[in-house]
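Both complexes shown next keep chain A, but they swap its partner, so chain B is in the first and chain C is in the second.
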Partner chain A sequence: MSAVTGQALPAARRRHPAASGGGRLPRALHPVAWWIWACALATAASRTSNPLLLLLIFAVVGVVVTARRTDAPWARGYRFYLGMALAVIAIRILFRVVFESGVSPGDLIVFRLPSIPTPAWYAGVQIGGPVSLQAILSATLDGARLACLLCCVGAANTLANPKRALRVLPGALYELGVAVTVALSVAPQLVESVQRVRRARRLRGAGGRGLRALRAIAIPVLHDSLERSLRLAAGMDSRGYGRTGSATAASRRLTATLMLAGLAGLCIGAYGLLDTTVPRAAGLGGFAAGSALCVAGLALGGRRVSRSRYRPDPWRWPEWAVVGCGLATAVALCLNAGYNPAALNPGLSPLQWPSLPLLPAAAILVAALAALAAPPPPTAIGAGR
Partner chain B sequence: MIHFDHAGVQYDGAAAPVLRDVRLRVEEGELCLVIGHTGSGKSTLLAAINGLVPHFTGGTLTGRVLAGGRDTARFRPRELADVVGMVGQDPLAGFVTDTVEEELAYTMEQLAIDPAAMRARLEETLDLLGIAELRHRALRTLSGGQQQRVAIGAALTAHPRILVLDEPTSALDPASAEDVLAAITRLVHDLGVTVVLAEHRLERVLPYADRVAWLPGDGTVTAGDPAAVVSQAGVVPPVVELGRLAGWDPLPLSVRDARRRAPTLRSQLPGTPPVAHRCAHTDRDAPPALTARGIVVRYGPLIAVRGVDLTLRRGESTALMGRNGSGKSSLLWAVQGSGRRSAGRVSVAGAAADPADLPPAAARRLVGLVPQTPADLLYLDTVAAELAQADRDAHDARDAHNARDVHNARDVHDARDRSAGARGRNAADGRGEAVTARAILDDIAPGISPGMHPRDLSAGQQLALVLAVQLAAAPAVILLDEPTRGLDYQAKAGLTAVLDRLAARGHAIVVATHDVEFAARACDRVIVMAEGEIVTDGPAATALTASPTFAPQVAKILAPLPYLTVAQVAAALDPVPAP
Partner chain C sequence: MTSWPRQRPAAGWLPRTAALLLAIIACTAGAAAAGTPASAAARPVGDCTTTSGVVVVVDFGHWGGPLLRSCGTTPTTSYALLNQGGWQTAGTEHDGPGFICRIGYAGYHGGTLYPTPAQQSCVLTPPASAYWSFWYASRGQHAWSYSQAGAMSYDPRPGSVELWSFGSTSAGGTAGSAVPAFSPGSVRALNASPASAATTSPASTRAAAAATSPPAANSPSSRTRKPAQAAARATPPRTPAVRDAPPAAAIAQVSHGSPVPALVALLVVLLLAAAGITAAARRPRRER
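This part shows the complex of A and B:
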């Protein structure tokens, strides 16, 4: 018996090299787990402007994405997010250099741009002038923090199939999820249509520029997409989309009322929490009441929808572990305990090399453990072609 | 199972009802074939079965339509989803999700089927349609036949008792179409599903049909026994035509039936057909109209066309065949010069330059291409505006052309001269008057009102309009990418006649097509491609009789005799004197 297993195992390993690590079966992690992990990391990143910590977060996100992404189309987009992150940093620096270069006495002036005088009624905005090293550095760090947030969102999109993530929406919001899914699939189709029509236009001997070209491309593409969406709508209708199930008109009205009241409560609560003149208790109360109403509305709305889910993503210990790793990082950077809070946002004057606070650094490294906690991604057989 | 009880449909603002007083009964487990010309109301009839007409499309339904005992007037399509499965012509347009498995599960999710049952049904359906190995694939990466089978599977997982299919094989190559039809007949025979199917190429489906519903075009429906209805209807597949010619009774509907009757007919026929399958206009003396050498098209790692050599002669009409994705379209686009070409040269008679090196306006005067979706070229509000624009384009291009003084005589005019017996070039005609697009259109498809919107034309009329637009530039070589898609028998006969006339005027024609019957009627030469290479290239008579997949029905029935069309058989039988 054992001899048989002994022979079978290496063969299986050879076939699935990804499966050999730890002997765990490859499967997709629950998309919500990845989203929570990524949001937690983004929260952590927003708490600091320490370049060392930000770099560490970049590195952690990069490692986890590289280790646990699939070869599906949406998983190839991380490079795009990285490019966008670099662009954000560049734009931030550019704006800082051109528009606001308020110089304080101790600043190190790197170069001077020709200053353009602005009219008196437009005072406050200065174009050009001396540019200090401090200004450039602070813009870089600001940009880096924003870029870090962007990379975290990108990581979530790369690691979790965005369409599967939409599937976990509560039943009452299902229609919304489908609308988003369909909208997402329209974009690549439009690109395809435009390419096809542009190519076809050459057959009529016309170039690809000018107002006439725009019309010649836009009209067939619009006709095409309109026809396609009508066909899709007909297809979805005949396949049972939007079956009302057992909902009565009264229950539908009740759901709508609950949802609207809940949303209003949430708005009031958010206002109360953000405006310091409003007592904190009122804000919290409004928030809690709004949430409760929304949950009730969703639950009631979900009850009227009769729908089942094919192969729902399971939520097991790896999901808990990934969520835990992310939350640990966020909590460590939010608590300001166990380390000097000033180390998270080191000052730029006087200029000095930032110190690396040990506890936050360790906490960020904990987030990298998600790569080990998550099971290896499934290898999509033949999905790429 | 399906019952139309004096049903009628009239769309809002239409002058006449699309359907009127339809009385039709389809019993459980039947395969009902719906035939009729484009615009006769086939799609309306099919959509009325699951209530898309009138709930989705609008319009007024009179009388009653019952599907599985439910009145479609009271049940919306979504509430009939567990009874009627609907599969459209373009499966890709109807897909909601993006992988095969999720797509198959979608309908079941809507019907709230228990997850365990869902899993089991999905596996069954994968096996039933032979798509198990595709389960994780993205829908967009599948071939047309695979997509169509997935679409059928997606409708089937809900276990509907009725399956409605609107031209499921119109875009498929012969082999994929056979796969899809095999899957459908399996459903009818093994599962007892009631199938209603609309199809233009009846030769494929007729043998399997239990009932035929014919829409003559006046809104009525004549339904009944296939042989009886088909002989009443104007549209008949070659097997029926041959059966009528040979006087067989009852009329055979399948190649198998006909072949069992054929021995006597075969013995009467001479070993070689007395006439060719079509009147050839190929000009073998003139230099080739187009020569392509070593054409390579690659998209990243994918090699679509692999070093193809192609020589086209004046007056020759060539069918380009092969399965979906074998590189037919890529080859046509590369030859025309507008598409991607990674390597290779093309030279056109009378032109110094390769069309790919010329600006588009000059390239289209050498080689004209009608793309797979002709409507992509149409963007104006009326037919007249399109035609006028085509004339302006052609005129501008001609001026530019003459200004550059490239030695390229007007090939069409040149060819006309030859056909009129005046061989040689007429210098005065070289830059002479142009034929207007309107005149060409009237020649191809007379009677298209100039005020109509191009999008309101039928598929055949749109094709004719785009062909006229392209011909206005007077290219010597015309390439058509799957023009027969969605055309009914009449429109196909019209297209055959048009191509015939163009060939007679000396155009070199290439038609990419999946339709072997069309190829047998309209083409002198057949090229079969596979994996980006040419695997067969020869006269239609030999190429079409050599392979069982690409053989027309008459050839299948009369093999080993090399007959392709019923007309050939008629010509062979006619002069036979009585013994």
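This part shows the complex of A and C:
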């Protein structure tokens, strides 16, 4: 799986000497570092509904993505995450407007929708009615927080190479990793295949659109993908994928039992931790037991898989710096110290300008330093594929 | 589209929609006309009788405070009763003002809304372990009913009593720290005719008696975790510290803040955007 995920070609580095800003060699940052950075920012975003802080997080994520994304296929999808984020905000506002949530005496009424009277036994849901500015604003903020989380996950997907991220999977799950890697490479390969066939058709002077052109493109693409998958299967077979190695049937059964029991324990433990009526000790115990069983299963399953690492991803100071930047933001917003905790969630009644708590704002700007700490991305065509 | 000869049935589509819209608008107008008197007037507690007005009781015992008792006229909603005469509520960002997340009274700690922002951010719906639970008892009812309707969709009947109690409840309101440990009879209006001055009402004498009792009697630790029905069967085990809350001026609104932080944040965002655009412009183009 690692053989197909090469690093930047040396030729590419020579081609773009300007891209190595500050004399640093372009290289891809460890994907786990990007994931930790993005998850930390998402944690920070989930702690606040202050529009100014959310706006800052949006801006920081956007700057880091524009500065440090590669040209790989998965790195060009950030605009879709942005679109999804906007859709989330729009849907949230629409629901708040249509399903009336009540108006308090001090609210500014923006407009009135025709309201549909509901019977008394259905009084919980009110459709239509007056729509206040406060309701629209609070729906926007509520949606913006969710949109911020989406953008953080999108940034991680854009910045981190998904195939290299799969290498940190425990050995016992390597079949899963192989399947995900193959699945992930299907769409970019199809796109590339279609582009190649279309270019070939254009060079031959066979233009045109419509059903005929579609057939003329689809058949070669299908042919190409079939051939490619056969080649991939042969290549994987020759490298020993799919062998069970020295594992006996009994040990495989034991691994599966441990994993299933562990996952069930994790589910029960998570429920126990989240439900306040369950004693805390029971939830913690279930969670710990489930984790222990899962780790045992993974360790036992991993013993039968011996893997070698081809060109391992280094973890140097830029990785530490990026992780540190993200964690600093999350810690500052979770600590609730050094600033007024109420400033993280300013109220909307009475309508007032949000305040900008200094420490959280500075901490969010620290997360933007990840753009400087991370090395410039390799910008070759096909880099990281 | 309607000019297509084949889509003859579509010709009847427009008038039907118009009729439906008209019906909806008519319903709205009717509902708006009926919904206008939703805000009732606040009255001195002595004006609530066994047959008129609604007694609203808010239990600040979770914060070591008293049971505050006020009176409002009907018809009204429970929400309107809690937003008049010095009372104020705050909703959550997620659910709007209809979910009562904080309650405050101008005459209690300067109108501080409880729980405070440090205790509950009121962004998402509060958990069932710490929220304002809503109970009511209509005229002649000797047990509290855990309300199945929200504050905005419940219309209390004349002569009834409402209780807002902070704490935890089970899903059906049968167990938890917020289940009232006293019966509705100990807080409802007992006078048959409006008492002009609060000094003659039996309620105020009880309040005076309660004022001498230690405030710790109402602390959450001394609460017995009994279901509502069991609490109602027996006579009240102790006198809750009831204090009358006469109509007061509305809680002073805080200032609207200054737009300077917003402008600073916008400036920073613009700077970041400029940095991002510069980085994107300096990025070598893909060669295709």
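Going forward, the second predicted complex is superposed on the first by the 296 of 385 C-alpha atoms of A that agree within 3 Å, B and C clash if a C-alpha of one lies under 4 Å from a C-alpha of the other, contacts with A are read in each partner's own complex, and residues count from 1 in each chain.
By definition in this document, a residue touches a chain if its C-beta (ideal position, glycine included) is under 8 Å from a C-beta of that chain, and two chains touch if they have at least 3 such contacts.
Because the structure is a prediction, the values reported are computed rather than measured.
Visitor: A:G128 contacts which: chain B (first), chain C (second), both, neither?
Guide: second
Visitor: Which holds for A:S185: it touches chain B only (first), chain C only (second), both, or neither?
Guide: The first partner, chain B, only.
Visitor: Once the structures are superposed on A, label A:L203 by its partner contacts, choosing first (chain B), second (chain C), both or neither.
Guide: After superposition on chain A, A:L203 lies in contact with chain B alone.
Visitor: Just which bits of chain A does chain B share with chain C as contact spots?
Guide: 381
Visitor: Flag every residue of chain A that touches chain C in the complex, lowest number first.
Guide: Those residues of chain A that touch chain C are 16, 18-19, 49, 52, 55-56, 58-60, 62-63, 66-67, 71, 96, 101-107, 112, 114-117, 123-124, 126, 128, 134-135, 138, 141-142, 276-277, 341-342, 344-345, 347-356, 361, 365, 368, 371, 379, 381.
Visitor: Within the complex, which stretch of chain C touches chain A?
Guide: Chain C reaches chain A through residues 21, 24-25, 27-28, 30-32, 39, 79, 83, 89-91, 93-98, 117-118, 121-123, 127-129, 149-150, 152-154, 168, 170, 253-259, 261-262, 264-266, 268-269, 272-273, 275-277, 279-280, 282-284, 286-288.
Visitor: Which of the residues in chain A come into contact with chain B in the complex?
Guide: Contacts found on chain A: 73, 163, 178, 181-182, 185, 196-197, 199-207, 215-217, 219-220, 223-224, 227-228, 231-243, 245, 306-312, 380-385.
Visitor: List the residues on chain B that touch chain A in their complex, please.
Guide: Residues 47, 50, 52, 55-56, 76-82, 84-86, 88, 90, 93-99, 101-102, 105-115, 118-119, 122, 133-134, 136-138, 141, 154-155, 158, 333, 336, 338-339, 359-365, 368-371, 373, 375-379, 390, 393, 397, 455, 469-470, 473.
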